[in-house]
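Multiple structures follow.
Each of the two complexes below includes chain A, the first together with chain B, the second together with chain C.
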Partner chain A sequence: MRMVRQWLRGPMGALLYKELLEAWRDKRALLTAVTFALLFPAMITGATVFMFKVKSENESRLALIGAERLPLLAQQLAGEQLLVDVLEAGEPAELLAGEYDLVLQVGEDFASEYRQFGVPRLYVYMDGASKDAGRARRQLQERLAPLQQQVVQQRLVARGVAPQLLAPWRMEMRDISTPSDRGKMILASVPALLIMTLFVASLATAVDASAGERERLSLEPLLLQPLPPWQVVLAKTLAVASLGWLAGLLSVSALTALMPLMPMAELGMQQATSLSGVLAMGLLLLPLALLVAVVQLLLALGSKSFKDAQMRLSILQVAPLFLLMALDMSQVQLDRPAWQLLPLVGQQQWLKALLVGDSVSLFAVLAGSVVTLALVAAFILIGARALRRESLLGAT
Partner chain B sequence: MRPYHCAAGCANGLDGDGRAVFSINWAGLFEEHWEKWLMAKELARKRAGFTILALLLANVALLRSADVFAGESGEKTCFLDGWSQPLHCYQVPVGAGEQPAELAVAVAPAVNPDGSEPLYLLAGGPGQAASDLVPLLPSFNRINRNRDIVMVDRRGAGRSGAFDCGLEEELPADLDAFAMHLSGCFQEQRARTEDLYSRRTVDDLEEVRTHLGHEKIVLWGGSWGTRTALLYQQWYPESLSALVLDGVAPIETKVFLSARAAEQALQQLQDACREDPSCAGFGDWRKDLDRLLAEWGSGDARLADPLTGAAIGRRVPRWEVANAVRTALYDPGVAAQLPYVIHQAARGNLLPLSGLSSLFLPASDTMSMGLTFSVACAEELNRISAEEVAADSRETFLGSGFYDLFEAGCRVWPVAERSYPTPEPRDHPVLLISGSADPITPPDYADTRLDYLTHKQHLVVAGGGHINSARGCIPDLIAEFLDTPDEPLDTQCVGEIRRPPFMADAFGPALDAAPQKNSGGEG
Partner chain C sequence: MIEVKSLRKQFAGRPVLRDLSFEIPDGRITALLGANGAGKTTCLRIVSGLLNADAGEVRVGGIDVARDPLAVRRQLGVVGDREGLYERLSVEEYLTLFAQMQGLRGSDLSRSLDGVRSELELGDLWDRRTVGFSQGERMKVSLARALVHRPQHLILDEPTRGLDVLAARLLRRTLLRLKEAGTTIVFSSHVMSEVLELSDRVLVMAEGRLVGDGEPAALMAQAGCDNLEDTFVSLAYGQSKLTEQEALA
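Let's look at the complex of A and B:
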């Protein structure tokens, strides 16, 4: 601890201060980072709320034609989600074009057929091209089924037959998923987006601190300072990572803050992100933020120009998303311990688990983080060697 | 943290350790360095404690605390018929020392646990198991969003060693044969009867509560389960935060005297039928019923088995018919078929009567009769006098037809008498639910016998039968009550619950009849 303190009091401290100052002074880079960090949690929340609305809250309107002779039918159909209007007459196509989602027309001699044990018809008119038709039809069937069951039961009882004879067996569904599994479906994209946030948020700063500094010709004086090159790379890495990491933290916090707005429980999903989970997510993003920063810096340093650096990093920022999607689709069992040692994959798996309140293996997180940090160290050393090369400065 | 997971896991100290480490590290990290981290100037010049190491250590602590979630023990995932979601099942040892037993406990875990007290379901009978209440879970899904729902099978019921005496396979033909069968069962398993009574059940429940690590609980009791709940409230008031009682059997009410209640339920059905155009045509079917029962004599052998269609080959006694009518009144959907069934039977067509009796088949095999008689004989039958029976059965269709069954059974089931304490005032919030046409626990039980409860609300479902928790808006009202037990509920929607349509003829309900108004009398 004391060593670190002393070290920071020396030239390294000044260098770090300079890098951080430059990183955080760039208002546009900051704005990009914050916008992206807040945008995707808001979008996920919006999409979930919308999905729930579509699933549950929408009412359907049913026009019931010819049922003035069947008051019981109208009474049994009307319910919370199905508004029934009994109409004497009407043209189904017109009604469907108007405010109705479904038109139910009762056959002419329905009542007498029913009483004589015939099979009277109910005609359902629907607009198959309308997105509401399916829901309305389902709601109609849900309302009609209990009435049908009552009729069948009474008919069998009247004949001395046990209604259970009609069901030679009963299927019992056993759903082995847990609420947190179902939560994963909605939150599946979040880890990759969180990781992408790191890339997006630190991109501008990474370019500016490397290729930008070179073009401003301020890299040369920096290298003339009595500091080992690795410290220069480290300081830059820390400055760049600070932006990415804080954007990541912002995203995690925003997501957690918005979670209560999502009707997770109503969708049978668990909303289990705990405070310690949020803090853990923030912390395990840190090594990754450092890795992203150092890789971005190296790529930018190695590019020919500022423009070239921007191009390279833009490609790089979508790379993890594609990589993780490809791995997901390839059905590889990513939750195996060996996979979790891999940067990106490891973090993705842990974030996924923590988001839905699952536990993660402490050992895997530690080992994976150490691997990530070791890579950071290796890249810093590579960067330091690169800085010694004169050609680096000459590139324009 | 879901408290019941702590049942065994808490003992290993993981929880305490993990959290302690976490708070020290994170607090230190925050308080000392957070401001400085934002101000890079200070960071560079003065002392700064930003180290990756500290962060990693903090992470270790955090993950350790998160790991405790995985440290649940003693539970198994299981499924019960009627509910597709996995449950957590436990075997909980209770009554260590004199009366040891192991109880099967099933927990429907909350989707999003928020620390609300779990809801324990207490089943009826006595003799039904809490796990038989699984079909209520779909209706209780709003409650289950933030609360665990716990089903403890009491001793001698369901998966805690059902004490069934083999009666569910075949009901003996007459009361004497029934008593003989029961007597044999008692002689064989006498020792089992000794720990089957309410105090033991309540104590067991309290042990389960502690075992699962629940600080306070809320109880839902149905039918006889309300008696258990009310006794729990007397004996363990500190463990309870609120009660929901459906089909209330107050401690001092002799619920086995049920002829008057059944008669009132039948009269309400008559009133509702008279107002319904599709039912009014059956005329005075009540008189038909009286005549049918009077002329039934020593029995009728013409009845057919509703499953096989063959003649059942024994004389069905009158008390069995009267009890079938009584049982039909439990469920308004079945009761709606009574006028037609009786009208037909009085005119010589007994098929509908056979058909009606088949509707009780699925429910009849869940009752553990050994448990039923152990509790009923020890706690209820011995406090009922012959005069009371006579007064209760006078001028009713049932007469002593229901009581006689238990009276005959208890004569051969000589268990020790157990009496209840006089109830003491309690101020827990209590939600009472009754059906106005309940043939066994009518609403006036809850209205008149619970004066010692100072904080209660009563929902009465017009025309409702026995147990109404799953009907209409009642599940929502229960959920609302549990969330804000001190607020009065808006009970308007209870009035919208209707009687199911009457059976009009062999074709079923009359779809072309004007729908009946909500009738059935006021509770």
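Let's look at the complex of A and C:
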């Protein structure tokens, strides 16, 4: 620790301070980082709220007239997405013009016809021009079908016929997902977006600190200072990563703050992310922020111009999103320990677990972070070699 | 002293320096003359440790540049031919950070900053960020950066290019003052009057080779010319080129 302190008080500290000043005084880069960091949690929140609003709008209202002639009908029809109001009387056209999507009228001779095993009538009134009519009719038919099947079976039994003859099999749908699983599914895109925040937030700074510095001809005086090239790359990496990492932390914090606005109960989730959760996620993102920064710097240093560097890094920033989505959709079991050693995949899995309140293996986190940091060190050494390239100084 | 021995360098198979050797003694101003593409900038970049030579040896103050480039950089101040500044830093921040990168701290740092501030008349610029600085102002800040750690050796690549009269005068005055203080100075230039005014010794380069080495008066006598410009043309391109140009004139 003392060694690090002394090291930071020396030339390396001055270099790091210079890189941090340059990075944090770039208003455009800062604005991009903050905007993306706040925008995506807001969008996730908005999308979730909207999704549940649409779901509640899918409810249909049914007016049932003549229910006294078929007492159990109202009880059988009512349920999720179909609200049934029993009315003593009413004009179907007026009811449809009001708050009802559908009017179901039980025929006056229904009871007598039913008793005599006739075919009593149920009248369904609908406004065919209404966009909700089709949905309401489908919901009503879905509810009536099992009721009708039940009556048929009872009649067959009454005549000594086994009802199974008419139904060789019966299909039952059973949803085995738990509420937490449904929540996980909805929040599955969040870790990938959090990781993408690192790329987006540090892009401008990475380009500026490498291709930009080369183009402004300020790299040469820096390379003439008595500092080994790896320290130059390390200082730039730390400065670039600082922006990406803090934007990531801001995103996590914003997401946590916005969680109460989301329909967590409908998602079957508790507010899983607390302050300690935010800090844990921040720590998990730190090695990845360093890796993203050094990769961005290397790509930008190897580019022909400032614009070329911007283009390369713009492509790079969407690459992890597609990669993680592709892996998610594949049959690969990403939660296995070996996969968690891979940068991006490991962080995605840990973030996913922490977001819904699951625990993560400390060993997996440590091992995965060590692998990520080893890659950072390797890329810093590659970057130090790149700084010795003659083409970098426009010498060729 | 700066010693260059049998230096060779080529870019993409094209030789830029061909067996270049010379010595620059301490406490004197040496001018490096040569046409564009003669290899001056490449030579100065190898001396400052920015580029590696393909063959040969460079020593600055007795230290081999290839073996210990960091030690050499502590003894060197370099002003390149085209230099950018950090536009988000003020002049004070810029010079402080570069002085700290050279290892200066505390009272040494303050003394050095005060020194370059007054010597190079940076008072008005001190608190300003460098965005929008004129060419002359940029040169003053670059020179201050190269001098802030009081280097033994100073290398300047075409330092007066694009400078107005006042800035060029200030630069020349500063170089003469540094020479009096014992600093070894090497600069490349295309301005013959400046070379004549400043330099104790002139090195003439052509196509990566040294074609002339001596005091300005001695070189003129050697070439049989009465001015440095003719001397340079004669040495760099040959007597025939000089005759051809005189005929055209």
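We take it that the second predicted complex is superposed on the first by the 269 of 396 C-alpha atoms of A that agree within 3 Å, B and C clash if a C-alpha of one lies under 4 Å from a C-alpha of the other, contacts with A are read in each partner's own complex, and residues count from 1 in each chain.
To be clear about the criterion, a contact is a pair of C-beta atoms (placed from the backbone, for glycine too) under 8 Å apart; a residue touches a chain by one contact, two chains touch by 3 or more.
Please read these numbers as outputs of a predicted model, since none were measured by experiment.
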{"item": "Which of chain B and chain C A:99 touches, first, second, both or neither", "value": "neither"}
{"item": "Chain B versus chain C as contact partner of A:156, first or second or both or neither", "value": "first"}
{"item": "Partner chain in contact with A:388 - chain B first, chain C second, else both or neither", "value": "second"}
{"item": "First, second, both or neither for A:13, with chain B first and chain C second", "value": "both"}
{"item": "First (chain B), second (chain C), both or neither touched by A:91", "value": "neither"}
{"item": "Which superposed partner A:142 touches (first chain B, second chain C, both, neither)", "value": "neither"}
{"item": "More chain A residues in contact [chain B versus chain C]", "value": "B"}
{"item": "First (chain B), second (chain C), both or neither touched by A:165", "value": "first"}
{"item": "Touching partner for A:277 - first (chain B), second (chain C), both, neither", "value": "first"}
{"item": "Contacts of A:108 with chain B and chain C, given as first, second, both or neither", "value": "neither"}
{"item": "Chain C-contacting residues of chain A that also contact chain B", "value": "9, 13-14, 17, 21"}
{"item": "Residue numbers on chain C that touch chain A, as the complex places them", "value": "11-12, 42, 45, 48-52, 70-71, 73-74, 76, 78, 80, 82-89, 93, 97-98, 100-103, 105, 142, 145"}
{"item": "Touching residues (chain side chain A, partner chain B) in the complex", "value": "1, 4-5, 8-9, 13-14, 16-17, 20-21, 24, 69-73, 75-76, 110-111, 114-117, 150-165, 172-176, 178-179, 264-266, 268-272, 274, 276-277, 279-280, 283-284, 286-287, 354, 357-360, 362, 365-366, 369, 373"}
{"item": "Residues of chain A that touch chain C when the two form their complex", "value": "9-11, 13-15, 17-18, 21-22, 25-26, 213, 216-218, 220-221, 223-228, 388, 390, 393, 395-396"}
{"item": "Chain B - residues contacting chain A, complex", "value": "22, 26, 40-41, 43-45, 47-49, 51-52, 55-56, 58-60, 62-70, 77, 79, 81-82, 84-86, 109, 111-112, 145-146, 304, 306-307, 309, 333, 337, 340-341, 344, 350-356, 358-359, 361-362, 500-501, 503, 505-515"}
